[in-house]
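Okay, got some structures for you below.
Here subunit A shows up in two complexes: once beside subunit B, once beside subunit C.
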Partner chain A sequence: MRLDLTILVPHLGFLAEGALLTLEACVLALAGSVALGMLVAVARTSASKWANRLAFVYVDLFRNIPFIVQLFFFYYGLPEIGIYIDAFATGVVALSIAGGAYASDAIRAGILAIDNGILEAAEVSGLSRRVTFTHIVLPIALRTSVRPLGSVLINMILTSSVLSTITLNELTGNARIVASDTFRPFEVYVVLLVVYAALTYLVSLGITLLHRRLNRDLQGQVS
Partner chain B sequence: MRFAEFTPFDLVLLAQGLGVTIGLFLVTSLIGLLVGVLWGVVRFYRVPILMQLVTFVSEILKNSPVLVQLFLVFFGFPAFFHLNVTPVQAAIVTLSANTAAFVYVIAVSSIESIGRDQIEAARVFGLSRWQVLRLVIAPQAAAFSIGPLTALLVNQLQVTSLISVIGVMDLAKIGATLNLRTLKPFVVWTAVGILYYLTAKLVATLGARLERRLRAHSAFRCL
Partner chain C sequence: MLKVENVKKAFGPATVLDGVDLTVNPGEVVSILGSSGSGKSTLIRCINGLEKLDAGRITVDDFDVSRPKELAEARKRSGTVFQLFNLYPHLTALHNITLAPIEVLKRSRAEAEAEGRALLASVGMGDRADAYPAQLSGGQRQRVGICRALAMKPRYLLLDEVTSALDPEMTAEVLAILARLAASGTTMVFVTHEIEFARQISHRIVFLEKGVLLVDLPTKQFFSADGGLAQPRVAQFLSKMRKD
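For the complex of A and B:
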């Protein structure tokens, strides 16, 4: 019945390795989900009815099915159709696809918030639709959606703990090993809880700074 | 490989898993709602130390993975406090606490959404703080919070899938069992995914209907 955290000291390096893997997976998956989210957001705001509907189905499905089910679907299903990738790659793919559904909503909101006048000005200036999109719509949409995208990232860090169920030894996976090595699960998981909370807190601080920096010319309007 | 194929009994298994998932979801949502609202009331009355404690606990619960919370309750508590915790008990405690943390945030913001002038007017009329809370704030806050609450519950339904990791025979665990036996991941996880999806849609629809009812007084009346 005594909380003795010193027993964790020899295992700190091992836990740090896991934390590094968690961060790696999350950074890769964030890149993947923002890329996917942009594509889907474009489809959802496009005039094409079919692209619109398809994108909606994707977002609806992946937001309403538990991540662990999606993960098992990919982890056990991909080898079935002849794609052999390791647990890390599967985890990153699954996180990207699930995160993409949330990211697309954030980016879509950013696109819809763009003033029509800006688009009309671009049209009058003779910019093609593609240039208007890549040089005007997307930069504005991305910087106004920094904050919602940040909460997607925070959610992703928390969700990445589920990757330990497909034998990926990230932070939670390593903590499970330490817990069964030391027979002190309480200490291990309490520390893990605090570490995750601290990690997400730091990330949210960073996002606030980034948001303020990117939108520094709009003080008072946004933020 | 006698039992490798799908049998009609698998449908019963799936239904059982769905029943466990929905049952635990309802129980933990109810407890979570009660506890979360209670925490909100603690904050409304500004109870000194309790208020800070509640805020801290809810922050920790919101910013750490549910999986780690589950491990803490299921592996950590028995080792530290010398208790016997069954998987179902651990699941109920963890999911209720997690739901409560999010409900607390919704409760606080919906209490704060009611204008100060209303509360002051009610106090001037001689209503006690409890009467103000019960008669003025509660009905409006309920209508205000039903939208975010529905979104939260849809999310919590998916979070229940994590309890399969500690061995509760819910829908995800049944899926894992069937997957191991039949080795047909696509069929199994698609079926499980569809069941989760339909349940989530049901929750969302019920929430929307309730919201329309509660907001009927402020809905636009055709002229």
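For the complex of A and C:
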């Protein structure tokens, strides 16, 4: 058996379409899970008891159910009670909800690590709660949580391959189609391996740069 | 006028302030002395609304800090400088100073930054405006802390052991700035262990002991034998601090 990648050339466009869909779903789900993660992190660090409890239930629930089960529930379960969402939207929502549970953990840890004296300085200077959150709490929390958030994003890219099970023609889905059309699964999956590895490598590189930028004041120090 | 009337504060079973009265008039520099745990910092934290009073009343220019609606006004009139600086680590020295003027006083960015740079220049840090707190020495950080408080143009400057975290050299650079502020008529409530310095810049000195204001005298009288020193506890405290 020899590796002959040229047989894939006619299918490159189709595979690229899949990769694009993967990227779209992940970008949207990243925005969704960070937004959700922030909201839940705020709820978990807030003084309100019921907001607190609700957030804990959400995080515990979605971290303890296999992603594919959540996905099937949304895509095949919900229509039974009259809720129809198309495959792409379902995929993005499911990734956002699952990712949000992990993202909230990362952001919450960042918020809890903020020195209380800094918040007191903001308070006595008359900054509103909203401005304190957007200008002080969040940016400081992100300095520490950007790395764990990066892992959440990378996990999301890997997990998005599962979306092929709900008929979504993302990268893995299309690769399976090409594999069965060409009867050359070896070549197809070699390419798939490389593409996923390259994608996640690029993302982690981006995260490193972002982390460096957010912590630019600490350059040259032990951080 | 800044008025503290019969203020009481306890943390659990520990009484920290036990009926404190204090008045600070505009233009006055009042130093608060006392050993650790005497309630000095708590008093400052009650004035700027970081701690709730158990009893009594504090007003800043007639705005009652215990009333949520008046607290915002009271806070606009006072500025706090903290022992551990409490600078915003993700913002440059300049942006630490301009954040509240822009967001609270609704000043334009250009105006706030021009004033911020002028303040930094006035404390000898004109060339460090774009440095982050982590890139500054302790003394420089505290100078930024002072600028941040002054940028809000407070009528009362509250200083909570602002040199306690600094070595003698950095302490000297911060005290030099405070001396200049005092000489220019800034109203200050100055919690400190720097007794000699307090003596030089204060109009009045008060002595706190176990949450009670034992002595409240003009500086000269505070250090005279028939004034503050007539109080055995004060005499003991001063002689001990001077030996150290």
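Simple rule for what comes next: the second predicted complex is superposed on the first by the 217 of 223 C-alpha atoms of A that agree within 3 Å, B and C clash if a C-alpha of one lies under 4 Å from a C-alpha of the other, contacts with A are read in each partner's own complex, and residues count from 1 in each chain.
Heads up, the rule we're going with is that contacts are C-beta pairs under 8 Å (C-beta built on N, C-alpha and C of every residue); 3 or more make two chains touch, one makes a residue touch a chain.
Values in this document were obtained by computation on a predicted structure and should not be read as measured data.
Per the definitions stated earlier, placing subunit B and subunit C onto a shared subunit A by superposition produces no clash, and the two fit side by side. When the shared chain is aligned, no partner comes close enough to touch A:L12: not subunit B, not subunit C. Taking the C-alpha centre of subunit A as the vertex, the lines to the centres of subunit B and subunit C open to an angle of 110 degrees, rounded to the nearest 10. Once chain A of one complex is fitted onto chain A of the other, the partner contacts of A:V57 are absent, as it touches neither subunit B nor subunit C.
In the superposition on chain A, A:L112 makes contact with neither subunit B nor subunit C. Touching more residues of subunit A than its counterpart among subunit B and subunit C is B. Contact with subunit B, but none with subunit C, is seen for A:F183 once the two complexes are overlaid on the shared chain. In the superposition on chain A, A:L205 makes contact with neither subunit B nor subunit C.
By the touch criterion stated above, A:V27 is placed in contact with neither subunit B nor subunit C.
Legend: residue contacts after superposition of the two complexes on their common chain; A:T172 is shown touching subunit B, with no touch to subunit C.
In the overlay built on the shared chain, the residue A:E80 is in contact with subunit B alone; subunit C does not reach it. Note on the superposed arrangement: subunit B and subunit C approach each other to a least C-alpha distance of 26 Å. When the two complexes are laid over each other on chain A, subunit A has no residue in contact with both subunit B and subunit C. The part of subunit C that touches subunit A in the complex is made up of residues 48-50, 72, 75-76, 78-80, 82, 84, 86-90, 99-100, 103-104, 132-135, 148-149, 152.
Taken together, the subunit B residues at the contact with subunit A in this complex read 59-60, 63-69, 71-72, 75-77, 79-82, 154, 157-162, 164-165, 172, 175-176, 179, 185-186, 189-190, 192-193, 196-197, 200-201.
Touching subunit B in their complex are the following residues of subunit A: 1, 3, 61, 64-70, 72-73, 76-77, 80, 154, 158-162, 164-165, 172, 175-176, 179, 183-190, 192-194, 196-197, 200-201. For subunit A in complex with subunit C, the touching residues are 115, 117-118, 120-128, 131, 135-136, 139-140, 143, 214, 216-218, 221.
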